[in-house]
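There are two complexes below, and they share chain A, which is joined by chain B in the first and by chain C in the second.
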Partner chain A sequence: MITVRLYGLFRLESEKPVYQFEPVQDVAAVLSLLAKESRLGLKDWKKAVIYVNGTAIDKLSMFRTQLKDGDVLSVLSPASGG
Partner chain B sequence: MEEFFHNRCILSPEEQTKISEATIAVVGAGGLGGYVLNGLARLGARHIKIIDSDVFVPSNLNRQLYAYKQTVGKSKAISAAEALNNIPGCVPQAVEEELREDNAERILTGVGIIFDCADNIQTKLLLEKHCLKKTIPLFHGGVDRTYGQAAFILHKPLLAGFLNRASATENAVILPQLVSALQLQLFVKYIKNNNLSDIICYIDAEAMELFRIENSDS
Partner chain C sequence: MKGYANRIARIDLSSLTYEDYPVSDQYRELYLGGKTLAARILYDIVTEKIDAFDPRNPIVVMTSPLTGSMAPCSSRFDVSTVSPLTGLCTSSNCGGNFGMALKRAGFDGLIIVGKAEKPIYIKINDGVIEFADASPFWGTLTSEAQKQMSPKKTSGAFVIGPAGENLVRYAGVVSQERTAGRNGVGAVFGSKLLKGIVADGTGKYEFADQEGFKALNKIWVENLRKHPLTGKQLPTYGTAGLVSTMNFKHQLATKNYKSGQYEDFEKISGETLREKYLIKNKGCLTCPIQCGRVVTVEEKEVKGPEVETLVLLGSNLLNNDMQKILDANYYCDEYGMDTITFGSSVGFAMELNEKGLWNNGLRFGDPDLDLVALIKATAAREGIGAELAEGTRRMSEKFGGKEYAINVKGLELAAYEPRGAQGMGLGYAVANRGGCHLNGGYMVVMEGLGFNVDNLTTKGKAAFSIFFQDLMEAISAGGTCLFTSYAVLPAFMIANPNKFIVRLIYKMLPYFGGIVGLAHRFIGIADINAPKLLPYPKMISYATGMKYTIGKFIRVGERGYTLERLLNLRLGLNPDQDTLPKRLTEEKQPGTGSVVRLNRMKKAFYFYRGWKDGVPTGSLIRRLRI
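After this line comes the complex of A and B, so read on.
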């Protein structure tokens, strides 16, 4: 299974704080599943800061980052208020 | 000083002296800034520059430490400075100016440590740029609803790539207190270890989780 843990705005605006999916090829595929199963659209999910097992996807292959069974994605939104 | 006797549980006498001798700027004296200023003064900081051009408005009363019925309409920087004057040794300086590209150099002259408690991305990015250029430690805070982050930035840019994915914000009283406490803890860590690496802590109060994240720009 692929586990997706939501934080920040994504946790507040999604129906569930944690999603689990059967293994899929990459991060883009997970975002498509999230868009399908939640009230947020793909455009919203693509704005997230995403980590795969604690490593930012910006340092991997962004949305093409390959996934395997057991991977944990953390999906969060930064805060800019003071 | 007797007033700071109990700080010995987290600070050695030498570290306490480092704090009292530091010149610190806090940019923004609202939600985060109010609690950061209070914490700094009680940690024994003496030379604190409080930079904020705003006045308190009634909608600040839900969360900003120095917003009271009697300070509505009054300068945030001056109200905070007046409160800090009551803490022994503290010599706050109120700067009622908006920090901008063309005045940052002048306003921040002589400052060795900066806290980012600003309420807008533009000022946060300006502070990061200034601090990295001058090698000044920056203690960043950002809050929104039930989540936020605190960061120690000295070596690598973080905010430019991170905050462009932030959305509009709205705040109650809890998150500014949590994130300001993290900013202060990062400050204490830096005082204890000047070789501290950059750190970003993310907190989600709804999830009851606090964790370190890595800087994706590094």
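After this line comes the complex of A and C, so read on.
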């Protein structure tokens, strides 16, 4: 399974903190599944800050980052304050 | 001058007298107000090294030109003095209603010297200052003291709690539920037997150009409301919303800064706070952002914790119990002490205990940890609380562990673990106030919290630190909340972090650091205005009649920053103190292997600032007209 954990505004707006999907090829495929199962569209999900197993996708292959069974995606909205 | 009450009082508590303290319009033009004007006044008064608890140590309470103007987030005011933690100059900012009340009462600021013979408080009403006996409520908590001293709805109070009375070195001063929290300004109140100040009055704010002010004010509020950070993220999650991001970026101070990640971060996150504990949002007066949280403690609706409190009393202690943090936050406010330094002191004490250097019974991750009891003991200086009340630097002098006593110049670091944010590490090290994220330039905003510039590179960080230090110093001098500055960050970049062009900009930004730094040193920022992008200078112009530009505004910040440094040198600062605890510069951070590579950044920082070996040069002082 691929687990997707949501944080920040994505968690609020999708009304669900965790999603689980059968293994898919890459991050883009997960975002498509999220768009199908939530009220947010693919365009919205593509604006997320995304980590795969704790590593930011901009350090990997962005939306083409390959996934395998057991991977955890963390999806965040930009945050500020302090 | 419009926008000001045009009166500052010098109050002597030893003789219970006061007189007007003259401040020229030239000073107002050069220093504006708040911490920057206060630094100038301190520089004029404090002519030699002085102890924080010496009766001659002045407390300068100062409003700003925009205080009370109804500009966004403009209830802010400042209190500056010599800090009992650092022995250097400090300022602490507060969003309570006292600043606006002080201005309505006819004063821009107060300079308080001397020491009373018995506990007193100061009453200010429409230009008249009186002294009243505070003995009946000496020992009261801050909410009760405010109720007793300031029963009228129109008045504003600024009070200390038992921590300030007992000279806890990180005691704060409280107005409503907002605290001037850092660096022990409340202890200086306590050393003078000053329980607080209450102000009330009927003065009206006068504008140089009210129509121009109103028109730009409207645009500014709209911009804040539609920006993704100030219009959505901050109102939704408050500053607590940072916890999750900080964890992924290795910036979440954990186990006395041993690590930047906490396995239970979700339990102390902004998401959990909102989903399980939040009653409603609340903000300071005139604030369209409303980042404050209201939660329940002992069946009362009280102010909830900021990110710093969640981290220092949560992950830093391996405490995953949110309710325990809410309770401790409330009691720190009631007893009047800084949650950051308190949390850091407890974390350091835990590590000392773990290493067998001080047998105090405190353990990381202890489910039975009673933070409220520790707060009460610290405020009363009883048992181990007597040691905790001194802060980490003094504890390390007594028990050892200096390399992991997480302070700079005596002030404990904020919540951001700097091995996961190199620029923030530089900021902590060089900040005039000590280990302060805001006075340090708050580079972590560029390094993952907002912008997404590489957090582990040192490239360009010195120059951008200077820019943000000066900008935030100037915003504070003008009198609005620093959070308004987030709306300056381009919304397109915040909202589209994965777009190729945005990622390219983030990649390239560090390479522009050299140009930014050289421009700062040799050219300066142009005297232009772009009110929709940076409204502050134009708002100040409309309020006061002074002709402010972006360049002139930023120079106020630079002037203030340089002046604070000069004052610190007079107070005994050695530039070698611009450093970090060895844990952060020598111990590799788990997960990243990073240490703060300070020396290279510091060298560039001094050069771009025009400081030689940490000391402002004569030509810089002349250029800034100090």
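We take it that the second predicted complex is superposed on the first by the 79 of 82 C-alpha atoms of A that agree within 3 Å, B and C clash if a C-alpha of one lies under 4 Å from a C-alpha of the other, contacts with A are read in each partner's own complex, and residues count from 1 in each chain.
Simple rule for what comes next: a residue touches a chain if its C-beta (ideal position, glycine included) is under 8 Å from a C-beta of that chain, and two chains touch if they have at least 3 such contacts.
Small disclaimer: the values here were computed from a predicted structure and weren't measured.
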item	value
First (chain B), second (chain C), both or neither touched by A:K47	both
Touching partner for A:A79 - first (chain B), second (chain C), both, neither	both
Touched partner set for A:M62, first chain B, second chain C, both or neither	second
Residues on chain A lying within both footprints (that of chain B and that of chain C)	7-9, 11-12, 17, 47-49, 51, 54, 56-58, 74, 76-82
Complex contacts: residues of chain A adjacent to chain B	7-9, 11-12, 17, 47-49, 51, 54-59, 74, 76-82
Chain C to chain A touching residues, read off their complex	228-230, 232-234, 236-239, 241-242, 244-245, 248, 269-271, 274, 291, 306-308, 414-416, 437, 442, 444-445, 449-450, 452, 483, 486, 489, 494-498, 503, 591
Chain A residues touching chain C - in the complex, by the definition given at the top	7-9, 11-12, 17, 46-51, 54, 56-58, 62-63, 74, 76-82
Touching residues on chain B, where the partner in the complex is chain A	28, 30-33, 116-121, 124, 141-149, 161-163, 165-167, 169-171, 175-176, 179, 202, 204, 206-207, 209, 213-217
